[in-house]
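So, here come the structures, one by one.
Look for subunit A in each of the two complexes below; its partner is subunit B in the first and subunit C in the second.
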Partner chain A sequence: MVAIEDIRSRAKELLEGGMVRAVLGFRRSSAGLLAEPTFVVASEDVASLVWDATCVHNLALYLVNEKKRQKAERTPDTRPLAIIAKGCDSRAINVLLQENHVAREEVVILGVSCEGGGVVDTRKLADALRGKEAASAVCDDTGKVKVATASGEVTFPAADVLADRCLECTIAYPSVSDTMFGEKVDERGFTARFAAVKSIAAMSEQERSAFWDGHFERCIRCYACRAVCPMCYCDECVVDSTSFIVSPMTTAEEKANRIRWIQRSTTPADNAMYHMVRAMHLAGRCIDCAECERVCPVNIPLRLLNTSLEQEALEMFEYTPGMDPAQPSLISSFRDDDPNDFIR
Partner chain B sequence: MSEVLETPVQAKKEAQEFEPKIVAFLCKWCSSAGSDLAGVSRLQYPPNAVPIQVMCSGSVSPLYILSAFNKGADGVLVSGCHPGDCHYLKGNFFARRRIYLVQKLLKFIGLEPDRFRMSWVSAAEGTKYAQVVADFVKDIKALGPQRKLKARN
Partner chain C sequence: MTRRAGVFVCHCGTNIAATVDVKNVVSELARDDGVVFSKDYVYMCSDPGQQSVIDAIKENRLDSVVISCCSPNLHEKTFREASSVGGLNPFQCEIANIREQCAWVHKDRAKATEKAIKITRSAVRRSLRDESLTPIGVPVTRKVMVVGGGIAGIQCSLDLANAGFDVVLVEKKATIGGHMLQLSETFPTLDCSQCILSPKMVEVSKHPKITLMVQSEVKSVSGFVGNFKAKVHTKAQYVDPEKCKICDDCAVVCPVVATNEYDEGLTGRRAIHIPFAQAIPASYTLDEDACLGLNPVVCGKCKKACEAGAIDYDKKPTTTEIDVGAIVVATGFDLYGKDKLGEYGHGRYPDVLDGLQFERLCSASGPTGGHVLRPSDQKEPKNVVFIQCSGSRDPENHCAYCSKICCMYTAKHATLYKHHVPDGNAYVFYIDIRSGGKGYEEFVQRSMERDSVMYLRGRVSKVYESKGKLKVMGVDTISGRNIEIDADMVVLAQAMVPSKGTAEIAKTLKIGRDKDGFLAEAHPKLRPVESVTGGIFLTGAAQSPKDIPETVCQASAAAAKVIQLLSKPELEHNPAIARVRESHCTGCEMCVDACPFEAITLVNGKAHVNEVLCEGCGTCSGTCVRAAIDVKNVTQLQVFEMISACMGG
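== the complex of A and B ==
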């Protein structure tokens, strides 16, 4: 178990030395169980930093957002930003480094290993608690999660309350870090990797088709999955074009003939298109933080789409995203012995 | 009287037999020339494939493929040069990897895998192109129209 004091003292050191402009971490939120992301700017505020099983957010997203914000600033603070990163967050940072979206000297990574634990899934926890409200959740070293409620502490086995991605995670330690807290744990012994995807892939074609139709039908196209994804940093998205400028001079013909790759209407077919385009754009980039699935207001299992491609990438191309910023990306590289037998 | 009426109705029914719409993305340097060769050699093959010439099979974005299905295609064919013959040296290798992923994704969400196909057709392989299209049309006729990804307007 990582001691929060170690992280706080390192954060304090960085802030007092003026080596970073802020420390991006988690603090207790004013409402709800989950910790909330915070920028700690003053060294006396490091005491607000927390580290437990409720730190679910992928903070790499704020690295991307901060970069956008900084671009608009007239006199930006060019000191690096310190970021507290779990294994998955660090892989997201690695992908951003690989794509040259963020430079290595712009971040100080305080990597934290999840060791034998992970983060909670609020939906699973709500089911397990049956109406009781959780006040805190902490993983211990024995694969159990201690949840404090108003009527005392309850202990659950990890499989009941931890997020699916944590149960399937095999790389629970940071793949890139300046300071690492905690131990590298390789044997976690929860679920087999890609267990969820394999169970869907084992369905018959009709079942799978019906399964996804049922889910895509519900999509309300709120684009929360896109907003929360650290990899979805394009200025313009294929689903809502911002570069088509309509002026009084724009003719009706121009408006009518503009390319609409995907309609905005929430028909099942267009929803499926949107999610598949997103999955393709994340092929070889998604590091399975499952934030898209967590924020989905209608509970579409979006993680499955991305992990299915992650599985293909691993099994057919031996590619694991986010392990090495120097490796060429999945779809901008090839090998002579890539699968060829599916081609006529 | 009824016998007299039946014949034209039946004829109409036969005319309305499902004819699949296939969008074929053909590489300008090989497959497009291959389809041309099939034409000038007067090979008989189904007219269902609408060719779209692209500069390289590697330039076919997954979005084109999905969009074709969305706009009502029953099948999509991507055809390029044999590995090692790419005009741009490695475009078809990139295409191979990308299209493999698209195919797996389409399969994962439950679209029949037979609706999306890739082939290597060189400029000299007119007969192969005709064969690929004929096989594709036959397979899609068995599957029927594609409704899963088609936008309903």
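== the complex of A and C ==
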């Protein structure tokens, strides 16, 4: 079991020694069950750090945001940033390192293994509690989740309340870290990997098409999925003409010649195109933190799109994103024995 | 600024016009924005056709030209040159392929016409955004590397050297000569192989323009046509060829016996040995794998015995960097693996031989001094069965292709056998006889008629040993009977496969291979000695199975191609290359990894394209998720416009 005290004392050391400019972690939220991201700057504040099954956010996003913020600062603090990272978060950091977006020396990774647990899915939890409000949620050693409510503690099997990606996760420990908390656990025995996406793949083509049409027609193109994704760090998004940068250097010809692959209106076709392009651009980069799906205000099961490509990458090319920052990326590399049956 | 495009639609006789309503394409395109001129003609590539393009450019002040015709592989060059004569930048002339990609693959005239209009329209949209480009001038290194020292490599090196170019000939083994050096006589004239080859080998060794590197392999190649940088790894040369007097004193004292690979395993040799009496370089060579340890404490007998002081155990392997302008690959063939022909007992029974082993038995320099004797008991075989197509022409189990030379060398083997053992019986199992070639058919007929070789049309199912004889179970499909022969020796005409190192050299040089593993030529008919990579040429059996005359012919052809390339003072490089939009590049290095030509590097955190290395293939553009890299004249905007045109937008 991971003891939060260990994480706090390491955070304190780092802050007191001035080795990092802040520790990026989780604290209790002022609203709702889920812990919220926090930048701890003062060593006396480390007591606010928490670690339990409500720490769902992928904090790697803030590495990207911080980089943008720092760029704008006149005298940025160039000390590294410490970050608390679950297995999936650490893989996201690895992809950012792989793509040279973040340098290894810019970050101190406090890797935390989820061991036999994971993070809760608030929708599943609300269902399980039947109207009761959860005050806290903690995974224990036996694959159970203890939830505190106003009327006492309730215990659920992990499968009932943990997020799908945690149930399918086979790499629940950090793939990169400076300090690791908890044990490396490979065998978790919840659900088979890619179970969710396989159930969709089992549908007939017509069923599947209708399934996705039904979801895409709801999309309001708020781009929350893009905003929460640590891999969507392009300044300019090729499928969103509102993001096109106009600077004093941009010529009228450049403006006129901008390609609008997708219209801004939320027609089902343009919505589908947006999500497809995003999925393709995340192929070999998405590390399955499922944040896109969590933040979607209209409940589109976006994780399925990305895990489908993740499954292809694994099954056809033995590629798992975020395991090694030195490996060439999926789409830029090939082996002589890559399968090529699909080329005619 | 509005551009003025001209559209020229070719009938290609009836090749296009039979399926596509050419007049309709012209009238539709005439209505498009930016198109100020359009016409059709029966053969656009003919002189009057080209002239009409030139005239139209001048008369209508065209600044883009689209020719709707056959594949750009065929006539892009023609029309770009014509455009240039008309005063247009050649890179503003585009080809719309409405023949191979439309007329030839469709039957419905109305739909094919609609598609031809879309293809042409998309090319017009692209051409309206084509930039004027200037070819990039690249200097040339007037030096050639030939990889492989068989007859192909030897012939090519000599032709190049005699034309005045410096040649580096790289050979993996200790001597040049390749498989031809192992052969006894050559068909159809039965002249001695070594006698016709050794003068060429000597010429190589004496030629001032040829640098010979034996026991060497190409480890890596970077650069591009006209300017390659090759790293060649050479094994330690323990015997100095300059000092070696070929006296044999060292081999006499050497205590180690190893299998003699030059005799195809039929004899042994010492760890220190000379591969052939005619070896070039003329020197003994030390097999470090077989040697007891290159250490005077362990053995050191040869060093002590060498009066010339040619042996030095402290020699180290070296790596040499060579700058060359062109590379010729002549890595040759191997015989199809004997382990794969279990039904014929090859490798199991000592008297089942492959073609090269039989060559050694017939050769005066071979293990038996030119007498055909059974390896098992050194007796003269009285019944010899030759099995053609062992591993060839058998798509289910072995190689699908015909190895081309086996019919002829089997006829030669049978003839030679009959010359050595006139009272013996030679049987040949064949599927059919392929004897196309000058004097070839007559040679086969002679073997049947004059030398009484028994030809049996059919295949052999099995060879097994019984009572000291090799039982050959076969069928004669002409008489329709099963045949069983008690043979003293069986010779397999095994399939030719690309030599062991071919896959590796193809990878090192980034050239393709075909489905059978032979090196792939750029065009099967019109560019048979060029690889798809500029400046790298192919020759010999590494490209496809072929006999000596064909190999020599192709070697000279490759030399001619190299001479043509290196005779220019400067090469022109295609300017339609990748361009980085620095504002969008995040330096993720995906394009750097993806580029097959290693043309992209990261400079100050942004991708940077080496304009000479870049071939404009567009892999980078396809890889970049940030649309930060584009190929000139195939920009994303142009692709977008082309798609829009096809979608009716």
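Definition applied: the second predicted complex is superposed on the first by the 327 of 344 C-alpha atoms of A that agree within 3 Å, B and C clash if a C-alpha of one lies under 4 Å from a C-alpha of the other, contacts with A are read in each partner's own complex, and residues count from 1 in each chain.
Note that a residue touches a chain if its C-beta (ideal position, glycine included) is under 8 Å from a C-beta of that chain, and two chains touch if they have at least 3 such contacts.
Remember, it's a predicted structure, so these values are computed and weren't measured experimentally.
Bringing the complexes onto one copy of subunit A puts subunit B in a clash with subunit C. Residue contacts after overlaying the shared chain place A:Phe39 against neither subunit B nor subunit C. In the superposition on chain A, A:His101 makes contact with subunit C only, while subunit B stays out of contact range. Once chain A of one complex is fitted onto chain A of the other, the partner contacts of A:Asp235 are limited to subunit C, with no touch recorded for subunit B.
By the touch criterion defined above, A:Ile331 lies against subunit B and subunit C together after alignment on the C-alpha atoms of chain A. When the two structures are aligned on the shared chain, A:Trp261 is found in touch with subunit B and with subunit C.
Looking at the superposition, the partner that touches the larger set of subunit A residues, subunit B or subunit C, turns out to be B. Contacts of A:Ser308 after superposition: subunit B is touched, whereas subunit C is not reached. Contact with subunit B, but none with subunit C, is seen for A:Phe342 once the two complexes are overlaid on the shared chain. In the three-chain superposition, subunit B clashes with subunit C only at 96-104, the remaining stretches of 60-68, 96-104, 330-338 or 600-608 being clear.
Residues 238, 261, 331-333, 336 of subunit A lie at the contact with subunit B in one complex and at the contact with subunit C in the other. Per the touch definition, subunit A reaches subunit C in the complex via residues 98-101, 233-236, 238, 245, 257, 259, 261, 281, 328-329, 331-333, 336. Across the complex, subunit B is touched by residues 200-201, 205-213, 238, 261-263, 267, 269-270, 272-273, 276-277, 279-280, 283, 304-305, 308-309, 312-313, 316-317, 330-334, 336, 338-340, 342-344 of subunit A. Interface residues of subunit C, counted against subunit A in their complex, comprise 507, 583-584, 586-594, 602, 605, 623, 625-627, 636-637, 640.
Only residues 62-63, 66-67, 70, 83, 90, 93-94, 96-98, 100-106, 108-112, 117-120, 132, 135, 148-152 of subunit B touch subunit A when the two sit together in their complex.
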